[in-house]
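Here come two complexes built around subunit A, the first alongside subunit B, the second alongside subunit C.
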Partner chain A sequence: MAQLFHRGANNIAKASLVIAVLLAGVAFYAYTQLARSSYLTGRYLEKQQPVQFSHKHHVGDDGIDCRYCHTSVETSASAGIPPTQTCMNCHNQLYADQEYLEPVRASYRDNKPIKWERVHDLPGYAYFNHSIHVAKGVGCSTCHGQIDNMPAVYQENTLQMEWCLSCHRQPEDFIRPKSEIYNMQWKDSNLTAEQRLKLKADYKIRSKELLTSCSTCHR
Partner chain B sequence: MQDARDLQEIQEKIYPPMVEGVYDYGTVTDKISDITLKKRTPYGWFIGFGISFIVAQLLLLTVTLLFVQGVGIWGNNQPVGWAFPIINFVWWIGIGHAGTLISAILLLLNQKWRTSINRFAEAMTLFAVACAGLFPILHTGRPWLAYWMLPYPNTMAMWQNFRSPLMWDVFAVTTYATISLLFWYVGLIPDIATLRDRAKNKYFKVAYGLLSWGWRGSARHWHRYEIAYLLLAGLSTPLVLSVHSIVSFDFSVSQLPGWHATIFPPYFVAGAIFAGFAMVLILCIPLRVWYNMKDLITDTHLIYMGKVMLATGLIVVYGYAMEAFFAWYSAAPYERYMMYNRMFSGPYWWSYWLLILCNGISIQFLWFKRFRESPFWLFVISVVVSVGMWLERFVIIVTSLHRDFLPGSWGMFAPTIFDWSMYIGTIGFFFALIFLFVRMLPVISIFEVRTLLPDAKVEHHGHDHEHSGQGSVGN
Partner chain C sequence: MSKLINQSSKLRMSKKLIYSLLIAAFCISAIGCRYDMQDQPRYKPFKESDFFSDEKAMRDLPENTVARGNLRENKAFYTGKKENADPNVQVETTMDEDGNTVVSSFPNAIEEFPIPVTKELLDRGEQRYKIFCMVCHGPVGAGDGMIVRRGYPKPSTYHNDRLRNAPVGHFYDVITNGWGKMNGYASQIPVADRWAIVAYIRALQISQDPNSKMTMDKSSTDSAGNTDNKDNADNAETEKDSDKAESSENKDADGGEK
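For the complex of A and B:
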């Protein structure tokens, strides 16, 4: 009777065991990478907005303070998206007849808000409050990156829970003096470790256990 | 000569033969492998498989509806948050335990009577664990996120709560499923090779050939096989005790009257083995009739299993007694109230006494030879015990939960039609798998039965044995 399998089948069988383990390892690694990829988190992806608004121009070149537009960042959960009236404070004079500002003028004329595309979209089950972060010395650029360098704003971080927790577990590594909150050029290395710990004490930042308690963010 | 014959008689009384027919290596192999290879599929098989398969569709339909509608289709709600899903999980996982006990512990204890029942008992374990696993996963409400139960480098930067018995359960059950699968499969390899060699159909040959991993039955193969099998038996042995202990921790670690009792782990383990042997009997009593295998799965096997059932059943009854005693002896008003409510004053009192009837009273018949030696009565008692073990979990879960600490939070549990359809669906699924297994793989371990034959006896004192073979054990 002829043999059922070719002579090399034994080697294939043995090799398949090794390959199965390797493939499982590769698949696992690929999964851990894919789960953090821009494809799933939207990180680094620029969004097309209805108006070609450049933060690089307004913040970087003109030096407008964040709070000129995002007025409620120090007092409420949302930093606030400015109404068209805020734009028109300047643009009823500046570039008032430029074609690409027509959507802004139209919005002002018709009293209809511009439909900006949301860039940072936290899931509804995560409670986030801008004011407490600002009050405890977390600067804008810590989470949003160097907005003054972004012609179109993109999401600088993954916004995944591991990213939130990386700070909530050791906030002292990410805080700065209150005077530097809106400084886009701030580097975490500007302060020594001792200075940061002192800052943490001054701000009365709560314990790691409290900051990472489930109900701190999931209420 | 007379002395030797007497000795043999006594020996046979103590160690009754586990293979009753007159077989040699060839005929016993024919007998078992023909079920898979030669015989036409009996009509009864189609009927049995068909019914099971249709019943299994209930599971499919219920799960589909569950995905669409959510867990609200079930009757569980506060305060009875754990109802049918957990009852059924514990019931199924318990049933699996007999398979592991038969294959691992009886192997290590060198009990010959495990040999012709271990294969399908292991298959039963595997399928029961598959049914069991469905329930907690679906009970989470979002089963597509079930992998969150496993520790892996996730984007939430969070570990599971390792102090929770539910987490231990995840490890216990996944370990159990893995080891059971390996043990079953490794045990099958030599027999699959036998089927490969005997199959006439080319596709079956290749399929069995692939599954047998190039087994040739050389001395080296056997040597390694024996070591691997022994190691797996060693790994499985603690699982018999650990898995259901940990399942019991799901209850006993929480501080709820009715759950928080130290008796739980041993009492659960005994209950699991009890339920498992009942299921093995339910499966093997018809199987040996339908496939004409009474000479391989003998009455002696059934009697032994009946005795194990009696012994473990009595431990379980002791557990019930201790639960009641603990509640009284604790002098804690909540404990006492719970037990009184469970037994007499509560709305579920009938389930408690039905449980005592099914698990406590029914097994007393096993003291009598008449019932123990009758396959019919063994079958009936096994079915009653299976119902009883389900009731046990119902009593533990529902009666403990429905009276919360505050009377304002008291509630009642009533199953919906989807609770029932899912439970019955898993029973159909289980039997459909059993039918497929019986048709496609050797239901009795061929090579192990061969070691029980007279051919395999080592010639140790001269020519007294009529059947003395070539003096080799096994193949």
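For the complex of A and C:
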């Protein structure tokens, strides 16, 4: 019988092994990148809201504190989205006849909540709580970015497990004094390493083992 | 004999097939499950509901019911009104040139704080005032906040004789139920915080009035209470100098301590 493969086929066979490994590597890399991409995590995506509410104007330009609207951020798991009545505190007088505020007034008239689109949304099997993070010196901007510069809110971080863990492994790199929690301009470089460790002790932050154990966030 | 063996092996074959089909079905359904775990059929805060007619997953309290621990028997604390308040009492109401409501007598409002005025209460009050009131009333209560500069009607200053003489119960009532053009803040500010804000406004009034004979609280004018007021007065004075809503925001939280 004539030879099916000529001699060079041996090299091709060897090379194809290497190529297969390389391809698998590339595919795996592509997968990890895809999993972290904004397409799958929703990072940086702005949502179309029923009202063009702008944090840039309300927080950045007018200096309204986060807690004026997100009243429960210090006391409960959810930060809270303000009821229409909160908007009407100001907009009963301010721009009270502008077209773009009509959905707000309609909601107030008919006692129907405005249907805001959620921007940040953890899956149902993950547990998150705002009050503990705020109480232990993690500022809003560490997780949400510079909200005061956002005409429309977007997700600054991936909100994936690896992101939560990157902080839970060494929270001292990200904490700040209590008075700066709502300061959107705060830089992590404002404190020295010793000051951070002292803060960590003052806040009585628990061990890395406890903070990264599965049942902390999956309960 | 050979026929029998053949049959049992056939049976084994089809069993295998059924098992592998079952496993395949399980794997496929497991893929589907992932989505269910992401969006579990339970209500999270602020989610929409397709069950209740008002489409809110978070339920309001039914009318005329009292939640446990919310009986609110302590009338002075929860309403700022006297025990024997007369709901039909007539007071003279006028308008000033800014269109603000002016009332000078408050027969129903309590005169004394229903809780002890401490340094902690004043600090809390300062913090809460800066969150909820400063945007309109300005850092020292002159009525020049950022929202007013953006076109909101100007409220009157806290530093006139009418409001200096107004009882604390009146301020509590304004925060709780609103006043003229100002909406009430009952849904945003818990009761204890409202009293803290009232205490801080009193401290502001004392600090802005050089020959003030006012004291914080008739029942707690011990030496400790007085030094507290003084500390806060100094604090407010520095704020006035800077005269900017923004600068006072960045102020250190305990800048009042000397």
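For this structure, a couple of remarks:
By definition in this document, the second predicted complex is superposed on the first by the 201 of 219 C-alpha atoms of A that agree within 3 Å, B and C clash if a C-alpha of one lies under 4 Å from a C-alpha of the other, contacts with A are read in each partner's own complex, and residues count from 1 in each chain.
In this section, a contact is a pair of C-beta atoms (placed from the backbone, for glycine too) under 8 Å apart; a residue touches a chain by one contact, two chains touch by 3 or more.
These numbers come from a predicted model, not from an experiment.
Look at A:Ser131: by the touch rule set out above, it reaches neither subunit B nor subunit C.
In the superposed model, A:Gln160 makes contact with subunit B only, not with subunit C.
When subunit A is checked against subunit B and against subunit C, the one touching more of its residues turns out to be C. Look at A:Ser54: by the touch rule set out above, it reaches neither subunit B nor subunit C. When both complexes are overlaid on chain A, the residue A:Pro123 reaches subunit C alone and has no touch with subunit B. Looking at the shared chain after the overlay, A:Lys178 reaches subunit C, while subunit B stays out of its contact range.
Of the residues of subunit A, not a single one touches subunit B in one of the two structures and subunit C in the other. Within the complex formed with subunit A, the subunit C residues making contact are 37-40, 42, 44-46, 48, 54-56, 130-132, 135, 146-147, 150-153, 181, 183, 185, 187-188, 245-246, 249-250, 252-254. Residues 152-158, 196, 205-206, 209, 213-214 of subunit B are the ones that touch subunit A when the two sit in their complex. Across the complex, subunit B is touched by residues 4-5, 9-10, 13, 28, 32, 35-36, 158, 160-162, 165-166 of subunit A. The residues of subunit A lying in touch with subunit C in their complex are 62-65, 67-68, 71, 77-78, 80-81, 83, 85-86, 88-90, 92-94, 111-113, 115, 123-125, 178-179, 183.
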